[in-house]
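Naming follows writing order (A, B, C and D), and every chain is counted from residue 1.
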Amino acid sequence: MSTELLSIKGVSKRFGGLRALDDVNLSVEKGSVHAIIGPNGAGKSTLLNCLVGRIIPDEGSVTFDGDSLLGHKPHQINQAGIARVFQTPEVFGDLSVFENVMIPACAKRDGAFRINAWGRARERRVVREEAEHILDDLNLWQQRDQIVNSMSRGDKRRLELAMCLVQHPKLLLLDEPTAGMSRADTNNTVDLLKKIAERGVTKVIIEHDMHVVFSLADKVSVMAQGTVIAEGTPEEIKASERVQEAYLGGAHL
Amino acid sequence: MSQSVMTSQENPGEGMGESPAESHAPRGDGMRGFLASSRSDWLLVAVFAAAILTMPIWLAPIGAGYPDILQKFAIFGIFALGFNILFGFSGYLSFGHAAFLGAGSYAAVWMFKLLSMNALIALAFAIVVGGVFALLIGFVSLRRSGIYFSILTLAFAQMSYNLAYSVLTPITNGETGLQVTISDPRVLDAMFGGVARRGVPELFGMELQGWPGFYFSAVLLILAFFLTLRIRNSTFGLMLFAIKSNQNRMNYTGFATRPYLLAAFVISGMYAGLAGGLLAVTDPLAGADRMQWTASGEVVLMTILGGVGTLLGPVIGAAVMKYLEQIFSSFNEGVLHRTFDFLPTGLQDFMVAITSPFVGEGWQLTLGLLFMIVVIFLPGGIMEGVRRIASRFRSGRGGASPTPAPAGGGH
Amino acid sequence: MAIDTTAWSRRRILKTGAALGTGLAVPHVFVRNAWSQNNQFCNNPTGGNVVLGFNVPQSGPYADEGADELRAFKLAVQHLNGEGDGGLMKTLKPSSLKGNGVLGKKVTFVTGDTQTKSDAARASAKRMIEADKAIMISGGSSSGVAVAVQSLCQDMGVIFMAGLTHSNDTTGKDKRRYGFRHFFNAYMSGQALGPVLGEEYGKDRKAYHLTADYTWGWTQEESIKNATEALGWQTVQAVRTPLGAGDFSQYLTPVLNSGADVLILNHYGGDMVNSLRQAVTQFDMKSKQVNGKDFQIVVPLFSELMAQGAGDAVKGILGTANWDWKLDNEASKVLAKSFGEAYGSPPSQAAQTCYVQTLLYANAVETAGTFYPPEVIKALEGFEFDGMGNGPTLYRAEDHQCFKDCLVVRGKENPTNQFDLMEIVKVVPRDQVTYDPSIFGGELGPADVKGCAA
Amino acid sequence: MDAIILQILNGLDKGGAYALIALGLTLIFGTLGVVNFAHGALFMLGAFCSVTFVRILTISERVRDESVTFFEAYKEIPYLEIWYGDAGKAIVAWAVPLSILLAVPVMLLVGFAMERGLIRFFYKRSHAEQILVTFGLAIVLQEIVKYFFGANPIPITAPPALAGSADIGALFGLPNISYPMWRIVYFLFSLAVIAVVFAFLQLTTFGMVVRAGMADRETVGLLGINIGRKFTIVFGIAAVVAGLAGVMYTPILAPNYHLGMEFLVLSFVVVVVGGMGSLVGAVFAGFLLGILQSFASMTEVKAIFPGIDQIIIYLVAVVILLVRPRGLMGRRGVMEA
């Protein structure tokens, strides 16, 4: 019995003449933190989009927990247990923090569609308790009534993370979770992610900041020009000359 | 569903009064009320019901204390409430809602002709027809979003209108409008011995014209308001607001958004069907004009004028527009002279001269100006004005800092 | 206070019922008194005033026509109250009018906007009845509105004196006991126009109809078709055009190549202005020859405002009209003078019909000696009168349609002034346009309705 | 055959009008991001520029008709005709094309005033609010026109040389094809205006900036310091295009104050069918819908589908939007939310 949660085999995607993904193979172990690094335009985000159903690959297979993900809509993939944090936080800006967290909690309870037009949302005790719990966990309790649009980017990111975690996903995808953050915010986020890691949620992280990558990841894949050029533990990647040449160039280290 | 129905009765949430979420909940009608207590909901409904039912008294001084206009206030209030469930909650701007209003009217009149003059049968059928019609149009139109959605709904409504006016005359009686006649079969009435009295819709013997017609419409408006309130505070309502806020995130959060939107579309179509049916109940004649794009535009304007996404706004917007249409258009110079009677002659003539372009045949000028003034000075519609006055009043009295409570959904 | 007017108190219903019962049992004269003393009908005027409701289009394409109707109503009210020069009060025969208001009560009026929409018109009429206590409603500029308001007035028990409405249905299949029409109708247009068309254009013609795609258009088309086919004309094609199409070129292009040599435009208002102008000034049809004959255009229903809108295009076009201010009779001159002095322009036919309707209603009330509608209706039904500008006229009891002479007019080639747009070709005598009321069916309904006082 | 050619011609002049109105509308959408419900009113104002110009040219001496005594009845003879005889007559006759001279500056001013005085405050507001304010403005504008010109349609004639119909068929050796000359003029005029607008957008720096803005609404912010002024100019251009469409349309359709509303819905359908933010799409859709509308009116077609001419535009709109999600040439993301 393998512990493989996500398996990407031979995935390719073309946009016109551009080969965005070229025979990508990747395997994510249950409970691991798997980082994907690489220069801009390497195809990291495209790969993520293939995972959540935003893009359908031309070739290859994506298997999650034993089932193929291809051809499923984003909401079905989420219901299957994959949650995603976006590069720029995708939150419900007009709603309060509390509501933002309740919505994904409802998705977990109600499935993709259920009309519940009579009962008061706030009186759904189970959902509410889950939301309260996660807000408390992620230090958002004080801001629970704030309208999200008025929050800082860092807080929005934290909220988005809370929205994903409240669903207890099997796999969490993080697209540059610290992009555009100050050093202090970045450190906070790293601490947060470490804290989450203790819960055993499997994670795939796309990240530029090597500090973040090496302090979080169990395993690192390096992408360049649409394909995976190296894979290994953070130490192995650090040591790999090929990676140094192709990408790192010492710039970040 | 079952869980929620139970909780709504028992209100176990009240027991969580000590929970931190309760204590800091912002209040005010602008707020979607998600965190407001259900007790304040009941209070709101009670105040609303009292205000609606006493309209004949408090609207009489401004010339609106007669049955027909109050019926229109109530009926178009229902129409706008339903429209707001789609547009105000989910952000999808339908430009063809008049089609459901018209379909509801035709459905009701056909019930009067074929089955019975009983208003409940007609209304039930009108709601069903409005809903089914909305299901068909919504299913197709919701494949697109934004302005593409708006134009699809507009196109369907205009097709309905044009056909109703001409080719479908056997069903709609075209320009003249579908009427109830004494010679109609009315199978049920005939069966139960109820002699077709005079072709007036009734509720178990009470003819629904004039004041009874108003109170009947008013009760339905209050029910519709209560239902809208429930929807707004429900999980379903929360999902609609979430779709409006960020549909992309909804998808990645595991929701199939289209069924939610279609449900909202059908519900608002049923409201429109009910409103159309009520138009036929209080005045049994259904004309094609009701389906024209101007009628669809009217409900859009009513909603925006009152305040998009607010609960009371659409009802107020509907009343303001119907008031202008009915009362301002009726002012002629004679009425103006009487109005300014208290002034000396010269001043009186002057006042009549400067006000007359805005009333009578100039009532639409006033309407246009009102639209502009409201939207320029009160971005959230009339409800925004109400909120501002309320917060000023509150701060003036209590000295509490008027933190601008976000006008829920009015973005 | 508004509750005071509550229309459904049980006591009132009982009283009405009792009064009705008495009404059936006692002699006629007594009933009348019983009614007028009991206030038990809709909006029985109690004070020193009586309110009339003038419901005209004030917005939309017919707003100018509505404004003209309103001017006529105001003039009629002045004359009824004994102000101004009295107008047709002096010429109406037989007349019960006294020039001191109606039944001694001063006439006042309220106005409203029909928007030329059934819903708006009914809402406006309801306001007049419910809020302003109008005892009679008049006005309007389209048949759809007339039929809609008429049936409302029947339900409310308020008399409706129709304004401009030309469809056969108004006094045909949709006729009502409480509705009266002075204006002529499509059938009469056909009967009047047919023979003139035969004389002017010959018996061997091929006609192409463009018809506004709604009820009035259809009855117009049918009436003209019947009249011209009776002459021996052929109908090549009858094409329905959407109401308010604006640009009719796609309907006009096939006409010249269809083999037809007459184009009949069953359009009114903006549609007529545009289709006629496009046919004449753009497709140049008037100067074409087809089948060896001059191509002709006919517009069965004319109005002054449409002629104004169509400009030069109207020159030489045949059509019919209800009345024209240049008619050579005393009453027409009196009205043209009275109206012209008051407003600086001659009355349109819409204005004339509205003016006359108001006077006729007032006269019927005076004759009946009561505002009680069933009595007023009786006074109007079968009323034979003269001196309103249309020659001897009968308000036929069977369908509440006025029968009078009908005008065939032609757009004037060389107008001598800005109002001189049409010339009268022929005054078709009343007998020629009279028809059997049964051909259009319909039912007038009862005179004693519970109405708004029930 | 002749019927088909005639209906194509029909579609071309109709399409010309649709395309011109839609062009300005989509320009405003694309660059300013504003839903302008007052655009029909601009078309109407253009038409009334023509009416005003004709009125000015035909300021007349009033020769009293003595036969009418109780009100002022008179015949009008334009002073131009009295003073300059046939030359004056000719000027009056060519009033419509000449009124372009009046319409361009007037519409430009109207456009500037609208944008500066009202529209610019609504760039950041929701579409709903834009709709309400521009719809209110449209009503106000038409009520003002109604106040001065009445509700009745006003007859305006084309120059005699361009009135009547021309035997087009003779050019191609086909019989029975004669078509109104002014409509052909209108079609050519619309092509010319479209060409000028496109040339302006293609060949000038200003045009490049505008096109960049339309291609990607995000980059509109990069238009530079004078972004406000550029928006004003774009709005002015759109107003002029709509106005010119109205000016030249007056001989075809007698203008009344309602004219704008009649074209409003239609022009939105054209823009959306063409695809939001696509100028070429708007022009193409304008002509396409014009031609289809003409064909749907043929009796042969109506015999098969009764009432098809009533709904054809909307039917086509529905079909196109279902087959192509963003109209014929629309881009992803423009006005989709």
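Keep this in mind: contacts are C-beta pairs under 8 Å (C-beta built on N, C-alpha and C of every residue); 3 or more make two chains touch, one makes a residue touch a chain.
What you see is a predicted model; the values in this text were computed from it and never measured.
J.: By C-alpha centroids, what is the most central chain here?
T.: Looking at where each chain's C-alpha mean falls, the closest to the middle is B.
J.: Roughly how far is chain C from chain D, going centre to centre by Cα mean, in whole Å?
T.: Result: the chain centres lie 36 Å from each other.
J.: In angstrom, rounded to a whole number, how far apart do the mean CA points of chain A and chain B lie?
T.: Their C-alpha centroids are separated by 43 Å.
J.: Quick check on chain B: which residues sit in contact with 2+ other chains?
T.: 162, 165-167, 364, 411, in rising order.
J.: Which residues of chain C are in contact with two or more other chains?
T.: 59, 63, 67, 213, 240, 242
J.: Any two chains that touch count here, so list every such pair.
T.: Once each pair is checked, the touching ones are A-B, B-C, B-D, C-D.
J.: Okay, in this complex, where on chain B does chain A touch?
T.: 1, 3-8, 11-13, 16, 19-21, 24-26, 34-35, 38, 230-231, 233-239, 241-242, 244-246, 248-257, 259-260, 263, 267, 406, 409, 411
J.: What residues of chain A sit close enough to touch chain B in their complex?
T.: Contact set of chain A toward chain B: 52, 73-75, 78-79, 83-84, 86, 90-96, 98-99, 102-104, 106-108, 110-125, 128, 132, 141, 144-145, 147, 163, 167.
J.: Would you tell me which residues of chain C are touching chain B in their complex?
T.: So the residues of chain C touching chain B come out as 1-3, 5-8, 58-59, 63, 66-67, 108-113, 117-120, 122-124, 126-128, 130-132, 142-144, 147-148, 151-152, 155, 169, 174, 213-216, 240, 242-243, 443, 445, 449-450, 452.
J.: Under the definition above, what is the set of chain C residues touching chain D in their complex?
T.: 59-65, 67, 213, 237, 239-242, 244, 246-247, 249-251, 253-254, 256-257, 270, 273-274, 277-278, 281-284, 287, 305, 308-313, 336-337, 340-341, 343-346, 415-420
J.: In the complex of these two chains, what residues of chain B are touching chain D?
T.: 87, 91, 93, 140, 143-148, 151-152, 154-156, 158-159, 162-163, 165-167, 247, 293-294, 297, 300-301, 304-305, 308, 357, 362, 364-365, 367-372, 374-376, 379, 411
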